[in-house]
Every structure is written in structure tokens, then in C-alpha cells.
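The data blocks that follow each hold one structure.
Heads up, the next two complexes both have subunit A, just with different partners, subunit B and then subunit C.
After this line comes the complex of A and B, so read on.
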């Protein structure tokens, strides 16, 4: 049991502290969750500094300049940490701070106890016998079930519940709370602000913790934009990491990214052809990866799919629409583009019908971005709502126990959501490619597949 | 323009642009629905503005159907072009 044990304690405490803080922020109050997280973080940093101090004093570098420097840094860090602790005690709930502070210590005790238990003869006797192990697991589950029920009943109603509201009612209202409205706020507040119901996300939690802060209101108001930018930043980071030190024989991230880019390039070229395809791969490939990432982002806990908002899908569809018109203008020239809009009249009848063809063509062009945006929005929004409905069902299945969690009923729909996300990103990209193809001049091919001169638009 | 008789569209060796054909046809269903709707709603907006209800909405609907038919025609032409290669 050495430094490796402490590293495991830190990992466990970080995960456990994060989960407990988020649960406290969601089910009790955001400030309590924040206080718990701050307490746990303070304790973890304290443990890290203590470890450095002890290693500096007793480790191989003791007595050397490096050892003295380490001890000095650790001591200064501890002084700053104690000052920060004092400020936190004045700002946040002391009880929650202390609970967070105790968490890593509790993890140490439990981990040490587990190590003792796992090495004992009694444990070995229990786990080597199938029936004994089964009965022990059943007994443990039963005790946990009743203990949690007793604890939640003894604790009364959670702090966030308004007077006269049962926990069951609060659980039914969970999706509304999910967007930052506390249960005390009037029902339908989310609808007034034009927001959809959905899973809780990190911005809603932050906005709930700082209800009067202007920056929190700003973040909440532009939540969809913030998540879109976050996805873009993640993609930028991945692209940067993958292309930072390119190798002739790729491996790891570079290999994965190259595989995706190559597959996308082949796919787009198979639709647009070898002549036109390559120059549209950057736009259409980026579109696919960005939409897919946004679709999948909502499946990460405390995140939100930007494509479940019509604003984002309309923006994406408008980008494609403007790009397609630009391509037409560039490829056909102003007169060619106008000729295309008039339905390419070549005889007297054509010219006589052209004033009628213009509004028809404009309607057809307008239908394209609308169909693109509505399809993507409808599918991703519906997918999210399906998950929310089943998650709520999972929570309301156990109202008699008044537990702050439920059966993860929505988990069975995750494969469907994954498939739907990929499919919708693909459909958006394919249709965008087709709209570009329809705007491009005709390609004439001979039997060997060589492409001839561009003649005219359809 | 009829598809050539000697080529089998479902044969991948004879139809290297199968993906393009499938993708082209994928655009039809939504355009068939959306175009008349767009025409109707634009006409309805015009009706509200000029107090001509229901004439502009009906004209918009007719134009929408025409636009849908025209788009389907263009897409089908593109599909046949792909099949001819």
C-alpha cells in the first residue's frame, strides 16, 4: 500500500464526489452540490500536497535542492489552500463542505477495509461457494433497499420540494426541473421561455446555482449555442491532436481520424462523382462530422444535443442553401443561374412559361432547407423525448421508496438513439450532396467513365 | 428518356454509381410533402396581408404541387442519367 493506493483513492474520490455533487445539485439544491464538490476538491488537493510534502521529506530527493523546492512548494500550496478553505466556509454551506472534505477520507477507510476483507479467510469461504455468494448478495441488496427507504423516509422531503408537494409529484416534474427551473417555480415556465423539456444539463445546473447572476442567465439563454460551440471546440481539439505530429504509418488517433476522413471522402465522391466530389468533401464531410457529434452529444450525461433545437438545424440548412446557390452562381454564371431559375427555356413555349416557372422553382428551392431542418430537428428531438419519457418512467416506477434515482428504463433505447443519430447525420449529408449535384452542370460520360465538358444546368 | 434495356441497375458491377442513384431517390419523399406546404403557408401569409383569403393560399398550394412535381421530374432525370452510364 503506497503511492499507487493514494492514486486509486484520488480517482475513486473524484468520480464519487462528482456523482454525489451532481445528484445533490439536481435533487436538493445547486448550491449544496457546489459546496460538496468544493469540499471534495479541497480535500483532494490537500491530500496531493500532503503526499508531495511527505515524499519531499522522506523520499530519495530529501536533503537535495530539488527536495527542498518540493517541500517549499507544498508548504506554500497548503497555506494558500487553507486561505481558500476559509473563504469557502464563509461563502458556502459548512455542512456540505465538510461532507465533501470527508469523502476522500471515507474512501481511504473503505478501500483499506476492503483490502483487509478481500484477504480474509471468511471472504474466500463466501465467494468460492456459489450458493453462499448468491445468498450474501441477496441479503446485501435487501438490506440496502430497506436502509435507503428508511433513510429517505426519516429525512422527510428533499430540501428543494415546495411545501405541500410530494416527492412523487416532484419526480413527475423532473424533466421540467431539468432545464434549470426549480420545483418552486410555476409550472410551464419552460414553455413560456420557448424551451423544450429534456434531461438536466450542466448549464441548467449552473444557472440554478446562480439564479441572479447575469452571466448564468446569459449562458442559460444561449444554451444551445454554447453546446454547439463546445462540440466545435471538441472537434477542433481532436483534429489538432490527430494532425499535430503526422506519421507515415499512422497509429492511434491519427489512424482513426484518417479512416473516418477517407471513408467520408469515398462516400461523397461516390455520389458527386470523381470530378466534382473531391472539392465538396471538406464542406460535406465537416457537415457530417459536426452533425453526428451534435446528435451524439445529448447522450452524454449532463450534456445536450444542439440539433434537438430548430434554431441549430435551420442554421445548418440555411448554410447548405446559401452554399448551393453560391455554387450555382459560380458554376453557371449570373445568366446561367437565372436561366436555371427560369427552367432553362429553349423555345417560345419555354419562354412564355418562364414567368410561371420562376415562382415554382423558387418554391422548390425553399422546400429544400425546410425539409432538411425539419427532418433533423424532428428526429433528434423525438429521440431525446423518448429517452426522457422512459427515464421518467424509470424514476416513477419506485415512488413508494422515495429514492433519488430509479430504474434506468431508457438504457434500452440507447442503441436506437445511436443508430438514429448516425442515420440522420448521413441523411442530411446525402441530401446536401444531392442538392449540390442538382445545381451542378450536367456531366457527360463516355463508356470508360471519362467526364466531358459541362454543358448546361438541368 | 427511357433507361437502356441492356443494363441491369441492380448489378453493382454495371452500376458503379449505385450510391448516387439511391441518394438521388432519397430526396423525393420530403420534397413531395414540403413543397405544397411551403406554397400553402406563403400563400396564407399573403392572404392575411392582402385580405384575399383563401385565393393566394390555394394558388400557393397549386404552385407548391407544381414545384414538387418539377423537382421529382428533375431528380428522376438525374437518376436516369446515372443509370445510363
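After this line comes the complex of A and C, so read on.
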């Protein structure tokens, strides 16, 4: 029961408190979740300060000026904390606050209990024997199933109603019952509420907690923007951490990031050729990493894929479009660019056909951003909708039991979502690099066979 | 038949038709790529890259139908 145990308790309580608070905010009421989170936070800070106080009094620094100063700080912190607790009690619901406050204590009790249990001879006898362990697990699952059913039935309707009546009753009380049903899903999925069909995300929760605040409206309105900026911040942080202290022999984060960068650099240079490739690696590689992160961001509970909105994908595609035209102007010059748009006429037939080629080329250029953005948006949005549909199915497939959780039916589509995310990011990057390749000056002497082929294909 | 009924009937059918076309296209692309890889296993990387690009182009057509459905869904 040392300090290490306390650190573990703190870690567990933080995660557990966060998850429970988010669940409460989603399914009960946002203010309740906030109160729970505040209570848990208060309790954790209290625990930390107590630990400091005890260490200061009994630890090795006891008696020295440093130790005394530390004890003083901890004591002042305790006083401030109690004042803050009083303010919180006045502002938020006391029941949820107390529940949050009790959480770390419960974690301590359960952790200590399991430590005693795991060391006991009865537990070892149960676990070492395969059949006995299996039977025990089965018995536990059965008891949980019936206990949960009894509990929820006692809360909702009289127990013992046949399945048929339960279903019809649910259909009758559709607005309230259906809400309660989805409200019972634990992992924050499938929260259907009028316009926003999709998984609940954290901004919707915050906006729900403060329905009249202007800043909450603002956040909800620019939700996609906030999430894409959040992804960018996460990437910035990772890049900063990886490159802050570069080692000659990389390890850990630096190793992983270098691997990704190297693979992307090789890949893009293999498309654009060794002469032109390195110039475009930063832009295209950033595009790939950013889009991939945004695609995958929606798979994190309480988060939302920015690319599942047409606004973000159109912005990305327009960036690529402007960049490609800029490269064309810079590399070919205005006349060269016009020549490219006319289909590079070199003989009489070419000049005769050029009035026809110009609109075709212009339309082709304009179609590129539309196709890029719609492809990315459709794929990611479709993926999300698929997950939502199956999560809803998982919640509604066991209506007779009134369980407080659903079957995670959408879990089987996670591999598909991962594959689709990577593929769409890759396709976006490859198509962007091919658009750049088509804009670069044509090299008629077939120096790089690969590049020549791509030009002819155009 | 009013607009709502027409849209409710037409949108899924439209997606289905688009998916048929994309499916045929994807099948042909896959067949061609597999044959090419079988004939020239050493060029697998290049063939796969080209296959993914063309598959994305073929697949995009269904996605356009999907986006159209999504845009018109509000009118049902």
C-alpha cells in the first residue's frame, strides 16, 4: 500500500470518472455529468494534497525548510479546495457531486479488495482449475444477466411481462421509451436526436449543457472546424514531441514518426520521380497524415470525423486545386499554361482541335476538386452512417430484456472503417500527386520511364 | 405520384443502379490487375497503385449517387 498504489488509484479513478461523467452527460443530463466530473476531480485533488501533506510530515524532507514550505503549500491548497467545494455544492447538484467524490474511495476499496482476493487460496484454487473457472464465470454471467434484468425491470415496468407486451408497450410509449432505450447505451453511441443523426460527440454534449450560452451555440455551429483544428493540434503536438530532442539512433515516438515520413517520402517520389518528387513531399505527406487522422478521429468515442462533412473536404480539395494551378503557372509560365489547356497543339490538326480542347480541359480541371471532395466525404460519411446504423441495431435488438447496454454490433465494421480511412487518405494523396504530375513540364526525352508513361496516359 | 413518393422510390433505386455499374467496373479492374500481377509478379507494387487509383475513380460514381441521395434526403 505504498505511493505506487495511490498513483494507480489516481489513474484508474481519472479514467473511470471521465467515462462515467461523459456517459451521465450523454444519457441523463449534461449538468449531472458536469457535477459528477467536478466531484471526482475535487476528490482526486483532495487525495493528492493529502498525500503531499502526509509525505511532507513523515517523509525524508521532514523538518527541513523545504519540507515545511511544502507542508504549508499543501495546507493552503486544502483550504482553497474546501472553499471551492463549498462553491461547487451551491452551484451543482449535491447528489452527483457526492457520487463523484465517493468514486476514488470506491476505487481504493475495490482495488484493495481485489488484492486481498487475488492473493487468497480460494481464488487460486478456482483459477488454476480450468473447469471450475469456466463454471464460475458462467455462474457470474448468469447472475449478472438476471440481476440486471430484475433491476431494470423494477425501475421501468413490472417484472414478468411477456415479451410481446413489452414490445407493444415500447411502441406505444415511443418518444419516452425509445429515448430511454438509446439512453441506456454505454459507449456513447447512437444518440438520435432530431437533426443530428450520429454518435454523440463532446461538443454536442457541451452545447446541450449550456443551451443558451452564445459560445456554446458558436461551438456547435462550427463543430467540424473545432474538431479539425483539434486534429491539427494533436498532430502538431506529436510532431513537436517527436522532433524536440532528435537522437541519432531513434527510438519510441521519433522512430515511428520517422518511419511514417520515410515511407511517405519514398511513395511520393516513386510517383513524381526523383527530380520533382522531393519538392512536393511536405505538402502531399501533410495532406495524407492530416486526412488519415481526421478520418480515424471519428472512431474515438465522443469524437467526430471532420471529413464526414462536405465543408472540410471541399476546403481540402480547393487547396489542392489552387496549388496545382499555381504549380502550373509557376512551372509552365502563363503561355505554357494556356498551351497546356489548349492540349499542346503542335501541328494543324492540333490547332484546329484546340477550341474543342480548351473547354474540355477547363471542365476537367474544375471536375477534379468536385470529385476529390465528394469521394472523401461520401466514403467517410457512409462509414459513419454504417456504424451508427449497426450500433442502433445493437441497442434495439434486445428489447425484451431492457438491458442498460446494447450489443456492440458495429464492432465488426471497425476493421472496414480502418481500411476505408487509410484507403481514402491514400487515394486523395495519390490523385493530388498525379494532378501535380500532369501539370509539370512534359519531358519528351524518356529519362524516367515511369514518368513518361504517366504523361502518355494523359 | 407526388414528389415525396417519387423521391422515396427513386433514391434507393438510383443508388442501386449506380452500384451495379461501379460493381462491374471494380470487378473488371480487379480482374485486370490480378491477371497483370499473375503475369508479372515483379511489378506488383506499380500495378496495385494504379489499381487503387482506378478503383477509386470507379467507386466514386456510386459515392456521387450516395451524396445525391444524401442531399435530396431532406426533401422526402
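The rule is short, and it goes like this: the second predicted complex is superposed on the first by the 388 of 458 C-alpha atoms of A that agree within 3 Å, B and C clash if a C-alpha of one lies under 4 Å from a C-alpha of the other, contacts with A are read in each partner's own complex, and residues count from 1 in each chain.
The definition used in the following text is that a residue touches a chain if its C-beta (ideal position, glycine included) is under 8 Å from a C-beta of that chain, and two chains touch if they have at least 3 such contacts.
For clarity, every value in this text was computed on a predicted model and none was experimentally measured.
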Which partner chains sit in contact with A:80 here, subunit B, subunit C, both or neither? Use first/second/both/neither. neither
Contacts for A:259 in the overlay, against subunit B (first) and subunit C (second): which applies, first, second, both or neither? neither
Answer with first, second, both or neither: which of subunit B and subunit C does A:377 touch in the superposed model? second
Of the partners subunit B and subunit C, which touch A:423 in the superposed model: first, second, both, neither? second
What is the contact status of A:359 with respect to subunit B (first) and subunit C (second): first, second, both, or neither? first
Please work out whether A:435 is in contact with subunit B alone, subunit C alone, both, or neither, and reply first, second, both or neither. first
Which partner does A:50 contact after superposing on A: first (subunit B), second (subunit C), both, neither? neither
In the overlay, answer first, second, both or neither for which of subunit B and subunit C A:367 touches. first
The intersection of the subunit A residues contacting subunit B with those contacting subunit C is 271, 371, 374-375, 427, 430-431, 434
Taking the complex as given, what residues does subunit B use to touch subunit A? 16-17, 19-20, 23-24, 26-27, 30-31, 33-35, 37-39, 42, 63-64, 66-68, 70-71, 74-75, 77-78, 81, 85
Any idea which subunit A residues touch subunit B in the complex? 267, 270-273, 343, 357, 359-361, 363-364, 366-368, 370-371, 374-375, 427, 430-431, 433-435, 437-438, 442, 445, 449, 458
Subunit C residues touching subunit A - in the complex, by the definition given at the top: 46, 49, 52-53, 56-57, 59-60, 63-64, 66-67, 70
In the complex, the residues of subunit A that touch subunit C are 271, 310, 371, 374-375, 377-379, 381-382, 423-424, 426-427, 430-431, 434, 450
